[in-house]
Structures are given as structure tokens and as C-alpha cells.
């Protein structure tokens, strides 16, 4: 971490300086935690009050704030902040270990230039790795796997045989790509395993969190589109296709043979049934249960998942079910009384 | 993959040929993807339209379809398809590696004939493996574990000490069998770990997906019945018993001391509380939350889970809660008006 | 397991003996399974009937039971039982293996006295372990990790670089501590990875189940407070802080930047959104979806989560939505009839 002037940082993100361009910034932090020599940002209005009390030396904002702090004005403050964090802190450095003699690399495997294969990692027969791949201890690359350049498999990540990873794919620790799909033909009460002939194809720049499982397809392939980011403990069923630049937060389940479009955002613990089609730019709230196909651009909440426009209110009203029930009972009683009174009245009228 | 004639395939599955018995089939695929030389199937009416447009050379159907394609008529087309996929494609072949010198096998461990123990696999003291077991890299077999014949532990699967696996058990990558149950005695605000004295017993022909955790019992054992298939990221709590030939899809949680019968089907992300009894042939829909015991044969949906016969409709009606609330308000208003009018009327009557 | 007299056991837990102090007890079991020579306990009234039929030689109870069995009276029978299980059965014994020559320990790593580092375990540069740590096969301790005394990392557990574990921390098999938080800045439709500069701090006496993921913080640290116990497949998001002596059962998701107080109990499959504050002594039922901050002492159920006092009833009423809808329709019809009748009547009155 080498300190930079605010001027250098502003130039790096194409922002405009308000205040002292020569203030030195050594690192980045949140508004609440930042101190002298640190830069922070405001991207969410919710935290606007913190602008007034932060001890940061400078902040990145979208529009000039009425505060005494030095500022960088940037159109997308969070993006600018990301660029500055990369500049000041950098991404994780991978130790250059080369091909460890304590690793197990098949003679038939082909590795590109500048790969690291750590102790106790396994590269099986005919696997092909591009250049600059980092294979951490205990990671397993099955037979016939093909990986592009600059992939990272963290400790104990497992890629089953035949799967294909593009360039810049990151698979975090203890995740699995390409296990058999959950496919059984049930006959006379027994479940007979169907060979899962497809593989998993992971396109460029995908990151997968820890403890995920991406099943291989039964006959076709399971596909994760380029630029899609997947959090921890996500399961993707056999033959599903997830588009490009999606965000799947954590503990999501996508059942088999489902297609998800591009630029979708799926919240934690959401589940999507099999054999449906989710459009592009769809947002699915955390814990939703999607049981039907979804057109482009929708936002869904709840289980079963419905249009968020009415869904947020609808699900929040479950709380009032006892009150509603009581209202209905009261109405029934009052109506019965009214009918009885009317009957009496009608009777007396009829006299 | 050696091509077979339609006649050979029909004979293999005990089916009847409609069309040319000599057509050569080299592989299997879905109706939508199949091309020349491929066979597909129709098991779900939902896909019937695809029969008319598939480019497959032959299809397996339950009753003769009015199409120009060569057909195999089979009573259970999906089962027949499975048999044909096995015939044409086969199950995964495990490379015969024997006992790798780079594995760690305790002197006191006993291995049956024809076992493969890959590099970096660990077999601890007094473990006993039957014949034909495949222990992939990084897999761990704890002390005193007993495994039957033809078991497969994929990469980095972990079996804690003392657990018992029957014949033909498959544990996929990064799953764990036999970790301590979540058992603590809370006293004066501190949680004291209770030794988990039981083990896990996995009966014959069970398959467990990736990233699962099957806890050992506190005092008795946790049991997974024969022929049961478990998907990815499933957690089974301490002391629970799951019957035979169940299907547990993915991300399911079964809390401790619960008993599940035979032939149950449990959908993804469902949860079952502890200390309840689920009967035989019970179906639990995805995302259900089961909080009570369930008699044989029921189908449940929702959280809390209720009889699907009414539950599917009930949960789908959450969407209309705002409308219902509005209806109740309107009724209240109208009733008040009516009462007021009646009162007036009554008043004028009483004059 | 050496047998003890009831007198010895009573003395060990500070309990009072009813019956024969000399009866020999060799092990512990549940009321339903216990036999001669075994001790059991009654902590939950639900099982009181089993007291009459248990074959145990002795039981631990809170108040003297009117049964012929020998008894230990203890104020907290479950705690007493735990103490006795520890006495009779003990916790898991870890085989003393020392530093295996088949492990990979960096020259710059520092290990305290009496550590076990098993085959295929990896200890990276500058890692520091206290005394009495047990590092099972395939476990991975990243660079600059600091661990206290008596920690246990079971097989294939992974600690990313720089994380800090206190004393007596247990991480079960295939769990991960310190992977990058799910932090991306989305710009022009692409998700740019934000370096995750924080680490994970795990305080003393925390136990983490299998297949968990505890993300490192983006700028600050993720913290798990002392004495907190976490079950299987739990995900904790970046920068969240969990207090002391909490119980998080299985498959729970805590999103990023959320703070949870002390002594909270969170049920299986519950989810908590990011950026909220949960107080002390909060109980969150299984499968709940918490979307707001929660004051001290509350109990919540449901998704969305609401006060259990009304929530249990409210969620159980979803089942009756079709009936309620029908009641509303009936009311609307009856009211319309009544209005029509009144109108007629009014009309005839007006004649």
C-alpha cells in the first residue's frame, strides 16, 4: 500500500477534485471506520448522515456535499471507490510456486505458461490448463477438463471430468463443478441412476463462491454465462443455463433444465424450479420461490414468487390474517343481526 | 460409444419396434437436441409437441405416436431410456490406480480386492473397505470406518471416525458424513458440547451429492436407508433416520431425531423440524417447512407445510391479500351505511 | 468407558441421589434406548411418559419422579447429563501424529507445542498456531493466519489468508473461513470485483459445522463472537458481526454488514438481510426471513419475519385463505341481497 495524492486518485477514476489535491491517501475504508489518510465513499443515501461525522481524509461522492472534507466527484462513486481500492490495496497476490513436486500432475496433462500447482493438488489425465492458472492445495482437476488462462481454483475446489472453464474463472474453496446431475429413473420403487453425459461449461470471468455445486447435464450441458458471479453454497441443477453478468447471492438453488437470462439478480436462499425460463434483467428477492417462467425485467418476491409491485405488500399482510379473520367474523355476526332485525321488521311490517 | 441397431435397443429394454429395426443409434439426447443417429424419449406429455419436430432418428414412447419416426414402444419410456443411456454411454469409468504410494493408508486399515486409493487420500486406523472401492484424491476415511463393496468417495469427501457405509454407496465431492451433531447443553448462558457418541449408518446403494453434511447421532445413530438418493448441500441432523428409496433433492435440511419413512420425495430447500415422524410415500414440495408429524401418503406444500390439496391454492392466494383486505373494508363501510339507513328507517318507522 | 457408581456420577454433577448409590453405570443413552447399566435423563416434559417404561438403570431428573428407578436430582438435568456423557464417554480423542513429513508446513510458519499436522495438510507462510492444535488431512491454513491454542481443523477445512482464530476454535470438515466477500461494483452492466481487504476474526470457543462459508470483510472484519456455535452449511456475509454465545443451527444465511447481538438463537434455513442490527437474546425461528432490525429479546417467525406472539398464528392461517375468501364472497352476496331487499322495501314503503 503506497500512499497516493487525491489528485492521483481523481485522475485514476476520471473524477473532479473539491478541496486539496495534495492530501495523501494510503487506504480505503467505510465512512464509519475511516480515519486520517483514508478515503471513503457515499453511494447509498441511507448513509448520507455519516458524511458529516466521518473521520476520513476524503470522500467520493456523486454530487458535491456541503461538508468540509476533500472530495472526489464521480458519476458512479461505488465504481470509483472500487477502482481506488484496487489501486491502493490490489487484489489477492498469489504466491508463485510453479508446479510443486508434491502435486500430482498427469503426464498427459497440458499446462500453459506460468501456472502454479500447489502441494496436494491433482491434475488428471488429458486436462488442459491455459497460462497463469493458480491451483491451490487439495484442488482437483478431473480428466479431460479444459481451463482457459488465469483461472484460480482455491483450496480443495473440485472440477469433475470433462468440464470446461473459460478465462479468468475463479472457483473458491470446497466448491464443486460437474458432479452428476440428480437424475434417476424410478421403476418398481427403485431409483436407477441415469448416466450424466453432459458437462458443465463455465464462461469467462465467472466467480463461484465456496461450497457450491454445479451439476453436469444429463444429455446437454449446464452453462454459466460470462461475467456471472455466484456466491456461497449455491446449487445449480443439471442442464440449466445461466446467462451473462448475473449475480446469484448465496444459498440459491436453481433446479435442472431451467434457463436464466442475462443481467439477472437473485437474492440469497431463493429457489427456482426446473424447466422454466427466466428472462433478462429479472430480479428475484431473497428467499423467493419461483415456480413459473418469468418475462424480462420483472422483480419477484415471496414463495410462491409474485410481482414485487404487489408482492411486497401482499406478503407483509400475512401478519394481519388474524385481524382479517376477526373482521370477517364481526361482519358475519353484524350481517346476521341485521338480517334478523330486517326479518322481524318485515314481519311487523307484514302484520 | 458403439452404435446399436434399434432392434438391439428394443430387445435390451423389452420394447416393441415401430418402423425400421436396422436404424443405427450411437447416442441418446433430448427431443430438442437430438439429431441423426440419436435416440430420444417422451415421458412427459408437456413435451409431446417436440415429437413432431425432433431430428432424432428414433424415439421411445409409451404408446405409438402418429409420426414418421422410428419408435420403441415401452411401458416406462423414461426407464427404458435410462437403460439405453447406460448401454450406449455407460456410467463414469473409474481409472484403475490401485493403492497410490502418495496416498496415506494406515497399516491397520483393511482394504478389499481391487480398490483404488488415489494420491492424497487418507485411510485411517482400523478402517475396513470392501472390494472395488474408489477413493478419490483428498478423500478422508476416518478411523474405524467400515465400508462395503463398490463404494465411491469422490474428491475431498470426508467420512468421520466410526461411520458405516453399505455396498455401492456413492459420496460426492466435498460432502461430509459423520460430523458431530449440533448438540450443546446450555448452562449459565454458555453452550457446552455434548460428546456425540453415535455414528452414521448409510445403507446400500445410497448416493449423496456434493457439500452435504450428515451428522452423527448424540447417543443413537443417524441412518440413511438403502436406495435413498440425496442431492447437493443437504443437511441431516443427529439421530435422524431416513427410510429406503427416498429422493431428497438439494439444499434440504432435516433437523435431529426425526424419522422419515420409505419412498418419500422431498423437494429442494425443504426443511423438516426435529423430533417428528414422516410416514411412507410422503411427498414434500420444494421450500416447504414441515413442523409436525405427517401420515403416510400425504403431499405437503408451503411453510408452514399443509396438505397440498388445499395448500397450493391457499399459498397462491397470498397474492390477493390486499384485495381481500379492501373487500373487507368495503363490506364494513357498506354494512355501516346499511345499519345507519336501517336505523333511520327504524326511527322513522317508530315515529 | 469405565463404569462409575451413581454416587460418583451424582457427586460429579452436584446432584442428589434417590435410590441405590452403588448401582454401576457404564454409559449414557436416551430414555427410549437405554438399557441396564445405562443412565438417561428427562429434560423435556414431552418425554415424561418414557420415564415409566425406560429400561435405564438410572435417570437424571429435575424433581423426584414417582418411579421405581434410581435417580439423580439435578437442577439442570440436561447439563448434568452432558457432564456425565463427557465423564463416561469423553470427547473425540485426536491421534497424536506430530508434524507429519507428508504435510506441507512453510518454513516461516510458527507452531506451538504439541500440535498435530496430518498428512496433506498445508500451513502457509507466516501462519502462527498456538499449542495443541489439530490440523487434519487436507486442511489448509493460509498465509498469515493466526490461530490460538487447542484449535481443531477437521479434514479439508480451509482458512484463507490473514484470518484470526482464538483459542479452542473448531472448524469442521470442508468448511471455509475467510473467502472473499460477495462484493462487486456494477458498472456498464459488468460486475467488477472489489478487493476484500478485511479478514475474519473468530473468537474463543467457537465451533463451526461442515460446509460453512464465513466471508472476509470488504474493508472491516467479519467477526464471530466467543462461545458461538454454528451448524452445517451456514453462510455469513462480509463484514457481519455475530455476538457471543449464539446458536446458529444449519443452512442459515446472514447477509453482509449485519450485526447480531449476544445469546441469539437462529433456527435452520433462516435468512437475515444485510445492513440490519439484531439485538441480544433474540430468537429467530427456522426458515424465517428477517428483513429489518430487531430489538433485544424478540422472538420472530416467518418470511417476512414477524413477532412470534402473533406470527405463529398468522402464518398458520394461510391455510384458511380460501375459506376466508369464500366468507368474503358470501358476505358480499348477502349484503347485496339485503341492500336490494331494503331498497324494495323502501320502495314499497314509499308507495
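Note that the chains take the letters A, B and C in the order they are written out, and that residue 1 is the start of every chain.
Everything that follows uses one rule, which is that a residue touches a chain if its C-beta (ideal position, glycine included) is under 8 Å from a C-beta of that chain, and two chains touch if they have at least 3 such contacts.
Every value quoted in this text rests on a predicted model; they were computed, and no experiment measured them.
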item: Self-contact between copies chain A and chain C, residue sets same or different by half; value: different
item: Turn needed to bring chain A onto chain B - CA fit, degrees, nearest 5; value: 120
item: Mean-CA-position distance for chain C and chain A (Å); value: 24
item: Numbers and ranges of chain C residues touching at least 2 other chains; value: 120, 138, 156, 174, 211, 233, 251, 269, 303, 315, 318, 320-321, 324, 328, 331, 335, 338, 342
item: Residues on chain B engaged by chain A in the complex (per definition of touch); value: 27-30, 33, 46, 76, 78-79, 81-82, 85-86, 89-92, 95, 102, 118-120, 136-138, 154-156, 172-174, 207, 209-211, 227, 229, 231-233, 245, 247, 249-251, 263, 268-269, 286-287, 303, 315-316, 318-322, 324-325, 328, 331-332, 335, 338-339, 342, 346, 349
item: Parts of chain A lying in touch with chain B, wherever the complex brings them together; value: 104, 120, 122, 124-125, 138, 140, 143, 156, 158, 160-161, 174-176, 179-180, 182, 184-187, 189-195, 197, 211-213, 215, 219-220, 233, 235, 237, 251, 253, 255, 269, 271, 273, 275, 289, 302-304, 306, 310-311, 313-315, 317-318, 320-321, 324, 327-328, 331, 334-335, 338, 341-342, 345
